[in-house]
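Worksheet: one structure, shown below.
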Amino acid sequence: MTGLDVAFAAVGLVAAASGLLAVTTRHVVHAALWLVVCLGSVAGCYLVLGAEFVALVQVLVYVGAVVVLVLFALMLTRAPIGPHAQIATSRLHRVLAAVLGAGVTAMLAAVLLPLAAPVSRRETDTTELASQLFGTWVWPFELLSLLLLVALVAALAVSRVAGRGAREAGRSAP
Amino acid sequence: MTALEALEVVLRSVAVLAAFLVLPLLVGQTEHKVMAHMQGRLGPMYAGGFHGWAQLVADGVKFVQKEDITPAAADKGVFRFAPAVALIPYLVAMAVIPLSPDVVAADAPASAVLVLAVTAVGILGTLMAGWASANKYSLLGAMRAAAQLLSYELPLVLSVASVCLAAGSLSLSGIAAAWSPWWLLWQLPGAVVFLVAAVAELQRPPFDMPVADSEIVFGAYTEYTGLRFAFFLLSEYAGIVVMSLLFAVLYLGGWQGPFSDQLGWVWTMLKGFVIAVVVIWLRVSWPRLREDQLQRLAWLVLVPLALAQLALTGVWVVASA
Amino acid sequence: MTEPTTPSTTPSTTPEPTKRSSGGAIPGILKGLATTARTLAKPSHTAEYPDVSPHLPPRSRGVIALLEENCTSCMLCARECPDWCIYIDSHKETIPATTPGGRDRQRNVLDRFAIDFSLCMYCGICIEVCPFDALHWSPEFEYSELDIRDLLHEKDRLGQWMPTVPPPPALDEHSAEPAEIAATNKPARPVRTPAARPTRVTPQPEAEA
Amino acid sequence: MSPYVVVAAVVVVGLLLFVAAMGARLLLAPSAPTRAKLTTYESGVDPVGQDWAQTQIRYFVYAFLYVIFAVDAVYLFPWALVLRSADLGAASLVEIAVFIGVLLVGLVHAARRGLLRWL
Amino acid sequence: MIHLAGPYLLASVLAGLGAYGVLARRNAVLVLIGVELILNAATLLLVSVGASGGDRWAAGNVLTLFVITIAAAEVCVALAVVLAVYRLRGDIDLDRTRS
């Protein structure tokens, strides 16, 4: 066990525990907040693994933007304070889901763990990342901009339709 | 990690904590006084004797002794923890801002991105507070705050990116080291965008719709009392300190000035203080914007301006390289 | 500059800028900054009250003082008071006749005159209606109490404020003489001695009849 | 030693500050809750209904715009590191210009469809 | 030196938790949270491969950035749809939406 192993174990435990709470809690907003903790500690894992820039992007984009968006959505779609029974499926369904989830974990671990070995950690320099990004990976990178544009236009169009639908529904209601 | 290294880490983080507890009070007292004189008043004159210098200390003592109320309808855990979420991001930001090449708690290689990332997390504190209070005003305030902080985070990121381009570095110390007086002109649009976005990010007037007292009581902080409320206030003033120092480092060259070898940190603090006074000045001078004006300003003025600055910087750097 | 402390009301970005004389957003913004900066450079208007006693304008309404000698317990003030904050108790006292065979006189003696300043709204109606100038405005204002019940002040306390009542302002130059002075300046009526009124006793039987 | 060790320590110190302050409050502040004190504050009148109210969907449009543009802005930072390199500088300028240009189409689209206007 | 068993184990746990979240939740936004967990398991694997060396094109980190970008786009569209469903129906219960 090196210092890095200890550090990873600490952040990793936080990530796993908060991930578990995020998928099991009955408070809707708490789920999103536990997701914040989980994603933040995954960013910590990236730091331990030497990927500084990716870790910061994880915090900036995931915690700062995506989770805020999720919280926003929850608050706009009635997120009551207190436990909310309606978000979970029936007990049988949950047991099945747990078995499946455990199966996924077991399968992945069975495949991955034999491959694991102690390695000397290589810190990814952001400059190196940048030159690869703008050199080798430039075409996927440009395609991403198209993807983002499509996503933005689609999201705007859908929410506009929704807004119009709601307005019409409001008008027809007495 | 040896014991010596551990001691160094402890000392550094305690130093950050000390700065975090002292500098916001300085800014707050400056605000008391500058705002008062700009309105033809004197401001606090009693606490501590000389011109009420200990007013904020006295306020702190008062806040500790106030009853802490958690409303019955609130989500207790989230409600109680929200102030810490609002506070800690600024503490982290303060840790990575260099006062001089040597005076910095944690000289991270990508500290400019780190500061932006942690300030983006600060939104969560407000959202948590607003949602967990179970109060209409709080929820509305939280919505406004989140929408505003999201909209202004983008110009902030873009203008910082422009400075990073100009310096060719992601570290704040690297940026300040690469600074030259020519930037004052070259990066001026970016600087203006940064200042406006920073004031909006701090929810300070004229961008204080999330806490607009005449509309929604005190926004997300309506239900807070005592020390938890004080923590939100502290995080606001810590935010001013962080944004002012950041402006000083990014656009005013940080420690660059006469005798920068010995007095570098004084220069950074002095420049940051001037910016903090400007932020206070804006608060005193201008009325509050409307919510829709705020969003239009962000998306139709600041973002295009920041992108134009970015284009200018990129083209200039490539052309001069 | 007519309003030194009011910031410019031109918002930085009006969506449809109503063209005003300030000439657009940027000059308006700068004007607001300039106004506050100018005020900063000027001395402040704050009166440091407990250290420096405030300059009170004439006819300040601080507290209501009672000149007990003038009060006849006529109750006019108590009845006119909009919020019934004046309490008056009195009893009748008989003054024995000063002259032999004279009639006993009666007069009202003031037992209690109290104003509840927690109710008083400082309208001054009691002072206006008092026919004998027993009530006066005093500029004294430092009479706060820790308990609201202690604001009910009795006549001795009300009387203590009497010395702080300023003299009435001087009259205008060509105004008519005040009634009191005119009365005193009138030539005295011829003094009638008791001897000159021999019929003093005679009407009595008539009255009884 | 990585600077991020200090950053982590600062986070811990922040949490400690919060805990210590709450401890001080526990010792110093009075606690006398009453039912009226614990009700939701609605400017002095009795609270009406729940805290939740339908909020304008317009806020959400800004959130979409931000998320899309934030992930785009993230790529500007690595760009800053290669802009001065001889072989990638000019090429990366063009690449980023295309990248942001495509996204700007989205912003212009939103502005033209009136999604950035409220009134 | 770092042993890769930790990252690999964490990635499999996150993926399993995400799968459970996707399957066991009826609220659409909470299903999205499960998806995010699975995506994070994937990026964690990419980063740990990147950290192990021999990554000539910095693929571990670059692909992680790409996955984060795609995830943001995905969340945007998904939440827009969720909101639209909510506006039209008054709830975001997936069981009812399916029927």
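Chains: A, B, C, D and E, in written order; residue numbering restarts at 1 for each.
Heads up, the rule we're going with is that contacts are C-beta pairs under 8 Å (C-beta built on N, C-alpha and C of every residue); 3 or more make two chains touch, one makes a residue touch a chain.
Since the model is a prediction, treat every value here as computed from it, not as a measurement.
Peer 1: Which chains does chain C share as contact partners with chain D?
Peer 2: Joint contacts, listed by label: B.
Peer 1: Treat chain A as missing and name each group of chains that still hangs together through touching.
Peer 2: Once chain A is set aside, the chains that still touch form a single connected piece.
Peer 1: Using mean Cα positions as chain centres, tell me which chain lies farthest from chain C.
Peer 2: Between chain C and the rest, the longest centre separation is with E.
Peer 1: Which pairing of chains accounts for the highest number of C-beta contacts?
Peer 2: A-E
Peer 1: Between chain B and chain C, what's the gap in Å when you average each chain's C-alpha atoms?
Peer 2: 54
Peer 1: Could you put a whole-Å number on the gap between the CA centroids of chain A and chain C?
Peer 2: It comes to 74 Å between the two C-alpha centres.
Peer 1: Between chain B and chain E, what is the gap in Å from one C-alpha centre to the other?
Peer 2: 32
Peer 1: Averaged over CA atoms, how far is the centre of chain A from the centre of chain E? Could you give it in whole Å?
Peer 2: Roughly 5 Å, centre to centre.
Peer 1: Scan chain C for residues touching two or more other chains and write them down.
Peer 2: 15
Peer 1: Mind pulling the residue numbers of chain D that touch at least two other chains?
Peer 2: Residue numbers touching two or more other chains: 4, 50-52, 55, 57, 59-60, 63-68, 70-71, 74-75, 77, 79-81, 100, 110, 119.
Peer 1: Can you list every residue of chain E that touches 2 or more other chains, as numbers and ranges?
Peer 2: 65, 68-69, 72-73, 75-76, 79-80, 83, 87 - these are the residues of chain E that touch more than one other chain.
Peer 1: Quick one: which chain pairs are touching?
Peer 2: Contacting pairs: A-B, A-D, A-E, B-C, B-D, D-E.
Peer 1: Spell out the residues on chain A that touch chain D in their complex, using ranges where they run on.
Peer 2: Result: residues 44, 47, 52-53, 57, 60-61, 64-66, 68-69, 72-73, 75-76, 78-81, 126-127, 129-131, 133-135, 138, 141-142, 144-146, 148-149, 151-153, 155-156, 159-160, 162-163, 166 of chain A touch chain D.
Peer 1: Would you pull the chain E residues touching chain A in the complex into a rising list?
Peer 2: Going through chain E, the ones touching chain A are 1-21, 23-27, 29-30, 32-34, 36-37, 40-41, 43-45, 47-48, 50-53, 55, 57-62, 64-66, 68-77, 79-88, 91-93, 95.
Peer 1: If you look only at chain D, which of its residues touch chain A in the complex?
Peer 2: 4, 8, 50-52, 55, 57, 59-61, 63-68, 70-72, 74-75, 77-82, 85, 88, 91-92, 95, 98-100, 102-103, 105-106, 109-110, 113, 115
Peer 1: Please give the residue numbers of chain D that touch chain B in the complex, ascending.
Peer 2: Going by the criterion above, the answer is residues 1, 3-7, 9-15, 17-18, 21-22, 24-25, 28-33, 35, 37-43, 47, 50-53, 55, 59, 62-63, 65-66, 69-70, 73, 76-77, 79-81, 83-84, 86, 89-90, 93, 96-97, 100, 104, 107, 110-111, 116-119.
Peer 1: Quick check on the complex: what are the chain C residues that touch chain B?
Peer 2: Touch residues, chain C against chain B: 4-5, 7-9, 11-15, 29, 32-33, 35-37, 39-40, 42, 44-46, 48.
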